[in-house]
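Structures for review follow.
Presented sequentially are two complexes of chain A, the first with chain B as partner and the second with chain C.
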Partner chain A sequence: MLKAIFYKEWIKLRWYMLLALIVTTAVAGYCLLRADRAIELRGAGHIWEVMVLKDAVFIDLLRFVPLLAGILAALVQFMPEMQRKCLKLTLHLPCPQQRMVFAMLAAGVAMLVACFAVNFAVMTAWLSAVLPAELVTNVLSAAAPWYLAGVAGYLLAAWVCLEPAWKRRVLNLAVAALIVRAYFLAPVPRAYNDFLPWLALYTLALSLLAWISVARFKAGCQD
Partner chain B sequence: MTRICKIFLCATLAVLAVWQLPWCYAFLTTKATPNSFVMYSSLLGDFILTRYEEGDGIVRRDVAGRAYSEAETDSLLPMFYMRQLVADERFPDTLFGVPVSPREVQNTSFNFRMRPSAVNAPQTGIYFLLESMPKRVELEMPDDAFRFTHAGIEFITMETNAADAEKSARFTRMLAQKGFAFPPRLVSGNPTTMKDYDNGYLLLDARGRLFHLKQTAGQPYVKALTLPEGVEAEHVFLTEFRDRKALGFLTDAEHRLYVVRADGSVVRTGLPAYDPERDDLTIIGNMFDWTVKIASRGVTHYYALRADDYALLKTYDVPTDSGEIFGLSFTSPYDRYVRPRF
Partner chain C sequence: MTAILECKHLTHYYGKRKIYEDLSFEVPRGRILGLLGKNGTGKTTTINILSGYLKPRAGECRIFGENIQTMAPSMRSRIGLLLEGHVQYQFMNIVQIEKFYSAFYPGQWRREAYYELMNKLRVAPGQMIARMSNGQRSQVALGLILAQNPELLILDDFSLGLDPGYRRLFSDYLRDYARAEDKTVFLTSHIIQDMERLVDDCIIMDYGRILTQQPVARLLGTLRRYTCRVPEQYVPDLPEEFYHPSVIRGRMETCSFLPPADVERRFAELQVPCTDLTSELMNLEDAFIGLTGKY
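Right, the complex of A and B next:
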């Protein structure tokens, strides 16, 4: 049954994920291209200097892109489910409801992580050719909380989407905005390094929130 | 399961409240507190406090409260207000029996500031070693960068991102010959061309010993500097002041501040305590005295030191309102890391 759920989510998300993959990779590629142009025009030394002395990472444009990708993934996956009341049908499938809801979320998270992994692979491959490992780590460590925000954005948007009452949705949205703020506090690269594993654990735990919305949906909560 | 999820939501809401409410309170209620600018006057033998007072405008007083006019303050702080005194044709020929000239004042005066956020910050581990004896007058950034490894120092040519094995071996050999233990605990330098000359780096090696490294005519210059008996160095700060009398500052595990002189000697200052990880340090120095400001939580200490032997001349403490409100925060003015802290 889980396999079928994963397949169902794949069918729902595959085109969006392809688009997300193209857009996020294109933005990452554009950031790298800009760095490449800067190397062409000013020399590699200039890039190294501003990265070491000014904490430049050259991928600032990418900052909110994973978050947007995560939020849109949740909307694509769960908005039709709620609008067409498909969730009611899904919950009647012969499978434990919790397992099914978390499997749906897991499918979305897995696809997002795969998309983000491609971004990371592209950045690592290009950066490693022109920068030492320390500066590559600088860039990737600056990007890590942004990508984690993408996963958090997906799980929080799922929580908001699955919520049956509009008033509560607005409240959830405000809480979600405050939670997401915690992923964008880095003043410098590597600032999150010690905290990142805990933030990753917390991000995964955010999937618990969606179940509250489903439980309220099951209880028939409405505006 | 639903209960666990609700507990998680409540915990999240509690954390958000403890994080955001104090922030909102601070954001809405923070008011500008009038700060004094404090300088020690060797002519007066006391600190002069310059501050804005409601109704009176900018007032200048000594610690006892005696007021001074602007012109009097200029004369009492001739090294600091040198340009004004020169413009007014009031700059003295001698001070304390020592002939002084505006050029000499310029060359011997310095400002040094070190914030905790600069000390408690992630390090990249990539450094630039400038040529300290450049052929041209102006300094130039090098074509290579370096890193320390457990085996030595490694120079990387930036254009090709490839290691320069020959230069790396030359510098590693010289450091090893001088007894340097890799990798260093601390590396302090100022790799910029916006300075008069280059002092290279002050290093604390793996065993906590102090070394001076620079590049002279393309060759490594390494000098082991002897620390005073029983001193366990904790932080070093390289300086490049115009008078070239100092290599930098050093603090030890007991939070005592030392001056690393250009001849390699390490001399303790009269400051009672300075913790670079918690205190904000400002030194405004001239050829006769240094005014040292150490801003700690709850109090700002001002110290006057004699410039030649760093003996403590006078102290003045000002209690301050740190403005900190109890709550959760993920960032801090004391460091550049993101992590939860109360």
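Right, the complex of A and C next:
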């Protein structure tokens, strides 16, 4: 049954995920090309110095891209479920409803994480060729909360999207904006280092919110 | 006969607006029961409660003896659900949707029943459901229910958006299937003509209450329309056994379950100034309007 749910989510998300993969990798690649150009013009030593002394990471452009990718993934996945209350069909299937909802979220998160993993792999491969290991870690640690924000954005957008009442959706949206703020507090390397595992747990815990919306949908809540 | 579906003392409000209070009914095994009511009388509300997507303010519904709100997930495999407007996953095509659903009904899924219907549709296997007409979508939804082969079918306004041909096709196919396989069906439709061909029993709802629940054959054999001549200025004030009396240009019309002799006697007792009293049996649509009124 879980395989069938993954199959349904795959049908909804496959083209979007391909697009998200191309766009996010292209933006990451553009950031790296800019850094490459700076190294060519000013020399690697100068760039290293700037990175150490001024906390520059050269991938600032990427900051909100994973968040946007996550939000759009949730919209692509859950808008068709809410269109004409299609979610009723899913919840009527002979499978525990919580398991089904979390399987849908797990499918979305898995595809998003796969997309982000490709981004990280590209960045790691290129940065390792031109920067020392410490600076590579600096750049990736600065990017990590942004990518976690992408997963959080996905889970929060799913929460908002699955909510059956518009007034509550607006309220959820405001709360979601405050929650997402936590991922962009300090855009400097290693700022989140000790906090990253907790931030990851906090991100996963956000998946519970979607069930609140589904429970409200099941209870017939409406404006 | 055992009741497959029973609702007891249902009460529901949207905010302060009462939909109904203390509503009770049951659907016996092997019967096709149609819920008839004007817009806003709570047909879809009842379907939503029955399918577990609305918690009533009070009362409970049981299907196969289990409370809907706490029903085990496996029980849902015995219930086929058709949503208003034949809603299905629009992003799938007919092959993908069959593949998806079949995984949930091992041992009971009848793939051939689905494809038998799909072959009549003449749609390309890769055509998305979103790009199909309402009629084609209704056949996909029906095909999926037939393949699921449930014991109980709950159908919400199955005629919505369908042209007469598809409506007839849907209701005939459903009726033959339900009768041949001894299925229990609970359905609503706003097109009463379709119901007459399809249902064994009917519940006619008015705002907040059930007007009558009985076999259609008995309803159509006992409910009569009475017409008679009355003075132009006569304002009818008849007891409850006469439904919605109205006078238009000196002609009074009302409906009643009373036989003609009793009506004649009651009119005399009530001193209704009527002449030329006639009575006639009606079809289901006229019976429905007679009981619920035109407004």
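Details
Simple rule for what comes next: the second predicted complex is superposed on the first by the 222 of 223 C-alpha atoms of A that agree within 3 Å, B and C clash if a C-alpha of one lies under 4 Å from a C-alpha of the other, contacts with A are read in each partner's own complex, and residues count from 1 in each chain.
The rule we apply is simple: a residue touches a chain if its C-beta (ideal position, glycine included) is under 8 Å from a C-beta of that chain, and two chains touch if they have at least 3 such contacts.
It should be emphasised that the depicted structure is a prediction, and the values quoted were computed from it without experimental measurement.
For the composite obtained by superposing both complexes on chain A, the positions of chain B and chain C are free of clash and fit together. Taking chain B and chain C in turn and counting the residues of chain A each one touches, the greater count comes from B. By the touch criterion stated above, A:L33 is placed in contact with neither chain B nor chain C. Of the two partner chains placed around the shared chain by superposition, chain C is the only one that A:M1 touches, whereas chain B remains out of contact. By the document's definition of touching, of the two partners only chain B reaches A:L135; chain C does not.
In the superposition on chain A, A:L171 makes contact with neither chain B nor chain C. Residue contacts after overlaying the shared chain place A:D194 against chain B, while chain C stays out of touching range. Of the two partner chains placed by superposition, A:A117 touches none, neither chain B nor chain C. Contact with neither chain B nor chain C is seen for A:M79 once the two complexes are overlaid on the shared chain. Once the two complexes are laid over each other on the shared chain, residue contacts for A:I11 go to chain C alone; chain B is not touched. Rounded to the nearest 10, the superposed model shows the Cα centres of chain B and chain C diverging by 150 degrees about the centre of chain A. In the composite built from the two structures, the nearest CA pair linking chain B and chain C is 14 Å apart. With the contact threshold set out at the top, not one residue of chain A is in contact with chain B in one structure and with chain C in the other.
Contact residues of chain C toward chain A in the complex are 14, 48, 51-55, 73-77, 79, 81, 83, 85, 87-92, 96, 99-101, 103-105.
Within the complex formed with chain A, the residues of chain B that make contact are 1-2, 4-6, 8-9, 12-13, 16, 19-20, 121-122, 124-128, 141-143, 145, 147, 156, 158-159, 161, 191-192, 330-331, 336-340.
Per the touch definition, chain A reaches chain C in the complex via residues 1, 3-4, 7-8, 11-12, 80, 83-86, 88-89, 91-97, 217-220, 222.
Residues 43-45, 48-49, 51-53, 98, 129-132, 134-135, 138, 145, 175, 178-179, 182, 185-195, 205, 208-209, 211-212, 215 of chain A are the ones that touch chain B when the two sit in their complex.
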